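Letters A, B, C and D mark the chains as written, and numbering starts fresh at 1 in each.
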Amino acid sequence: MTAITATTTATAFPGGAAPALTGVVPPVCTPLTPDFEVDVDSLRRLVDFQIAGGVDGLFILGSSSEVAFLPDSHRAVVVDTVLRHVAGQVPVLIGVIDMTTMRVLDHARRAVRAGCAGIVATAPFYTRTHPAEIEVHLRSIAEQCEAPLYAYDLPVSVHSNLDHDMLLRLAADGVLAGLKDSTGDDGSLRDLLVARNDAGLTTFSVLTGSELTVDSALRMGADGVVPGLGNVDPHGYATLYRHARAGAWDLAVREQERLLRLMRIVRAAPPARMGRGSSALGAFKAALQLRGIIDHAVTAPPQIPLNEPEIDHVRRTLIAAGLV
Amino acid sequence: MTAITATTTATAFPGGAAPALTGVVPPVCTPLTPDFEVDVDSLRRLVDFQIAGGVDGLFILGSSSEVAFLPDSHRAVVVDTVLRHVAGQVPVLIGVIDMTTMRVLDHARRAVRAGCAGIVATAPFYTRTHPAEIEVHLRSIAEQCEAPLYAYDLPVSVHSNLDHDMLLRLAADGVLAGLKDSTGDDGSLRDLLVARNDAGLTTFSVLTGSELTVDSALRMGADGVVPGLGNVDPHGYATLYRHARAGAWDLAVREQERLLRLMRIVRAAPPARMGRGSSALGAFKAALQLRGIIDHAVTAPPQIPLNEPEIDHVRRTLIAAGLV
Amino acid sequence: MTAITATTTATAFPGGAAPALTGVVPPVCTPLTPDFEVDVDSLRRLVDFQIAGGVDGLFILGSSSEVAFLPDSHRAVVVDTVLRHVAGQVPVLIGVIDMTTMRVLDHARRAVRAGCAGIVATAPFYTRTHPAEIEVHLRSIAEQCEAPLYAYDLPVSVHSNLDHDMLLRLAADGVLAGLKDSTGDDGSLRDLLVARNDAGLTTFSVLTGSELTVDSALRMGADGVVPGLGNVDPHGYATLYRHARAGAWDLAVREQERLLRLMRIVRAAPPARMGRGSSALGAFKAALQLRGIIDHAVTAPPQIPLNEPEIDHVRRTLIAAGLV
Amino acid sequence: MTAITATTTATAFPGGAAPALTGVVPPVCTPLTPDFEVDVDSLRRLVDFQIAGGVDGLFILGSSSEVAFLPDSHRAVVVDTVLRHVAGQVPVLIGVIDMTTMRVLDHARRAVRAGCAGIVATAPFYTRTHPAEIEVHLRSIAEQCEAPLYAYDLPVSVHSNLDHDMLLRLAADGVLAGLKDSTGDDGSLRDLLVARNDAGLTTFSVLTGSELTVDSALRMGADGVVPGLGNVDPHGYATLYRHARAGAWDLAVREQERLLRLMRIVRAAPPARMGRGSSALGAFKAALQLRGIIDHAVTAPPQIPLNEPEIDHVRRTLIAAGLV
């Protein structure tokens, strides 16, 4: 298993060990061919682009990777392609997204065998879950898998929240190595960060999934970010992170605002035409194609493809951002 | 592929062909061993118990089958066990529950190869979906699978609803063979039934998943029912259905009220202890064990098992219903 | 205070007293003038139309009365106009819809002074409420008001549900005289009805607000209906109720299906143009104007008025139903 | 009408006019007597405490003021008491919280007559609203009231969100003077702030209602904060704001973290006992009583009062914060 090198300065955690996972860890898009197979060449180029952009790790098979759309065979190709290609240059986390424990364990065992730096699991979904069941779920995964486990708080997809007391209990018990917080609620995130620090759980990594408030999250003590938009502009997020770690907050704010304007690509399509997910993932892929990184802007079914005017919205936004 | 024999009388659809699927089609529980393998012997006994109870078909790998909890290998065992054991005595529908199109297609192809009478698919979930994407999803599945496709309207699990205009459009286009309505909204169900009849789409089967209003649903024109509680008392639902088809509505009401009281087994556990799903599925399995049909009342992780007082609630309710 | 005469036959409650409130109790629309004052003449004609249509009671200041849109001064005009005009011909219930206890009590005291047959209150809203607080709320209203109190279960507006155990506890304690169930969940309604009957609480009136399943609800043991669509066709609902009470269920079904088709007037406007409430209330009022009962189809701001094509949809639906 | 003095430095808006409303504007609690009347003496002391604490304005009849619980007569007492007592020392905003336009206008006209610096209105609630209706609602209020109108984005209470394009359109049209953002979504807040600045709408005030991320919000360009917790510690929020405006961000972070720990008073009661609103408002009032500002910690019905152990939780948290 690849070791993850701590990249935060010691100042962030004066009294304790630094967390294992820090910095910019983009959820890597999964390029597809026109007949919906994994486009392996494009995926390798995308990985190279991310690493050249200065990211600190990669998260494959997350929501921005269209994990919910990929059959297991596609997931296997993604894992195999990325882990071989990265070859230890940066740590690679693997999402093990599925409905409940035994299904997640199937994915998790494959991820561990492939040699990942950590696995990322949500609360159960489809089933109406319960806090007690979420805790059993996470404990069961950790017990049966030899890889650091990261919890993924993603209420927009799983329709439940992860309780902070539970997270810290699992951190203290060595069940969880960290959290990806995609709640969009930075007050809640900060409450967790302060509680974590007060409890001395300094090795528990907290990464935000909120792409528009990374500077704030880092200032609050978050250890890093998992930005979907990082696919399109990894250099931007790496720059933002570097400014923040150097204490150059004004520069961090400026970079974040630039990225916020770039994020407007996700509004390519009107809500009458498709879901917000289709629009966002279609825009990420269209931008990557326009930037010459991937060959096709294809998204997996049943997502609606962007049409020409919508792709043009992406193009104009990229031009305004100086990216094409 | 097993042919489904129409069992409704012609009087229900005076002017047109009868729908292919009618009657009582229980969503068969998946008995598990204490180490969470499929308990094949118990599953066979449960299938025999259902058929002896007079059901008109079986629905395997539905929500009451804990499909969300079963790895693909378990799903395969269930499909293989049931289809061999039933051997055409009654039609068998197979749930192909997964997040999006390509994943569903993997399950659907396996189901078709196994020789089912139909497959049952929900709207996409986990992803934030959209009406246009739901329609693409269902059309894609139908195009690529040689089996009648039934749509499964289950907002409590997938957090979206199936639009009635879309359902009837897909029925008219031959995409959908029918619907399992588990919305719990009988006004909406009736609106669909009247619109279906007005459109002359008499071969489109509409089955209700609402176990407590089967008599009403049949009176409104529904073709059948998929009752989770039917696992525990298939004879009761078969009797109810027979009364309804015979026009003996007072007897149907009485049987439905008996079954409603039996349904109170699902409230075995308090909401502070576990989710409603855990309590209901745990109660179904406890009841089946108490009735001597299955060997273990084990539910899949991360569901919380019922404790002794909770199982006793099930026992007392069964005794009151004259079932043990 | 007007006495409410029981109109159900004794057979519905063989062992106990009949509930106080039964039959068809439409939630009376509030006609407005073009400058948004209460159109008193139209309101009187609408009340006459309802009574001539054979309704068993009237519910003023409910959701279909646009109570949420009426200032207190308008509410006072409605109460005064209707109670004087009805003059005891039928019982009149008054909605006391507001956010929390003290505000509701202000409305309730005015309603009691006016001489109503009962008041109708929801759970608290706007505030994030709790089952314990809902119970305090209803008990406080009952304690401080000398009028029968009806609970109004309306999750679509108040975003919480009334717990059945609580309802029956309050019924047993004499706090509640009855319930208007607008959950749209007939399985839940039946569960309550069976539990009520098993507990011998036969004087606790349960009325359904689901306009499309009135025959089923009555068959399950409901005591009556509060149909918004009854504004447009009170004769229809009175006929349906009479058939049901006479045990002529086939005729009841047929009448209900006719009313279901009439209900399609509420889909006059597309969801892109306005909310479903605006479309439904606009359609009810347009239909009443087209039928010559009220002078203006004006709805209160900020609802969007129906445009000509939308009103034409209402007209064509009425013509198809033989109502103009 | 009281003029509002801009207190931000010109640097925040280099190219344009500063917004009218900036700084710390606490939503003032409404002290009650044991028989649920407005405790006028305590209210005056609380106002003095806020002003002595260095706040820039006051917001009365907001959610933290229990506006949803106060009858109109109580609201009138609060308005009269506070406006007389403040006598122009700081601007006073008045919440005009009610379900729809005409009801809101009744409150708004009274607020304007009383001489407020602005009124604060939410989207319609109880009714199922629609973006087009929200816009009509806000435009109607502004047209008919001679006071600056602030929109209040509070999805937890009204179950809809305010669209950013609409907000900026209304700002450009002079309909809205500003926004109180209580969405808890700082990414969304920032998106609005950047769009506002890009559009040159620099007089449109944006205040956050998120008490735990005030430093971040100010850094993003927010003009101020409306902190419920400011009732208990106005000095803390004034200090935080002063640090932020001086660019002393490290001090701002430290003060914010102190206030975050103080905020834990709101978790006084367990979710099994009462709603989160009851617990939070009960804790604010208990803290104010413990600090000697108000006479009674009474909250309005049907809220559940804190019990002794729960009040003790508040006391211990205050002691830890050095506030008693």
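Here, a contact is a pair of C-beta atoms (placed from the backbone, for glycine too) under 8 Å apart; a residue touches a chain by one contact, two chains touch by 3 or more.
Because the structure is a prediction, the values reported are computed rather than measured.
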Path length in steps (a step moves to a chain that is touched) from subunit A to subunit C: 2
Homomeric contact subunit C-subunit D: same or different residue positions, threshold half: same
Selected from C-D, A-B or A-D, interface repeating B-C by over half of its contact pairs: A-D
Subunit A and subunit D: spacing of chain centres that average the CA atoms, whole Å: 35
Averaged-CA centre spacing for the pair subunit D and subunit B, given as whole angstrom: 50
In subunit C, residues with contacts to at least two other chains: none
Chain-level touch network, classified as line, ring, star, complete or other: ring
All touching chain pairs, where touch follows the definition stated at the start: A-B, A-D, B-C, C-D
Residues of subunit C that touch subunit D when the two form their complex: 36, 63, 68-72, 74, 97, 99-103, 105-106, 124-130, 132-137, 140, 156-159, 273-278, 300-304
Residue numbers on subunit C that touch subunit B, as the complex places them: 184-188, 190-191, 194, 210-213, 215-216, 219-220, 249, 253, 257, 260-261, 263
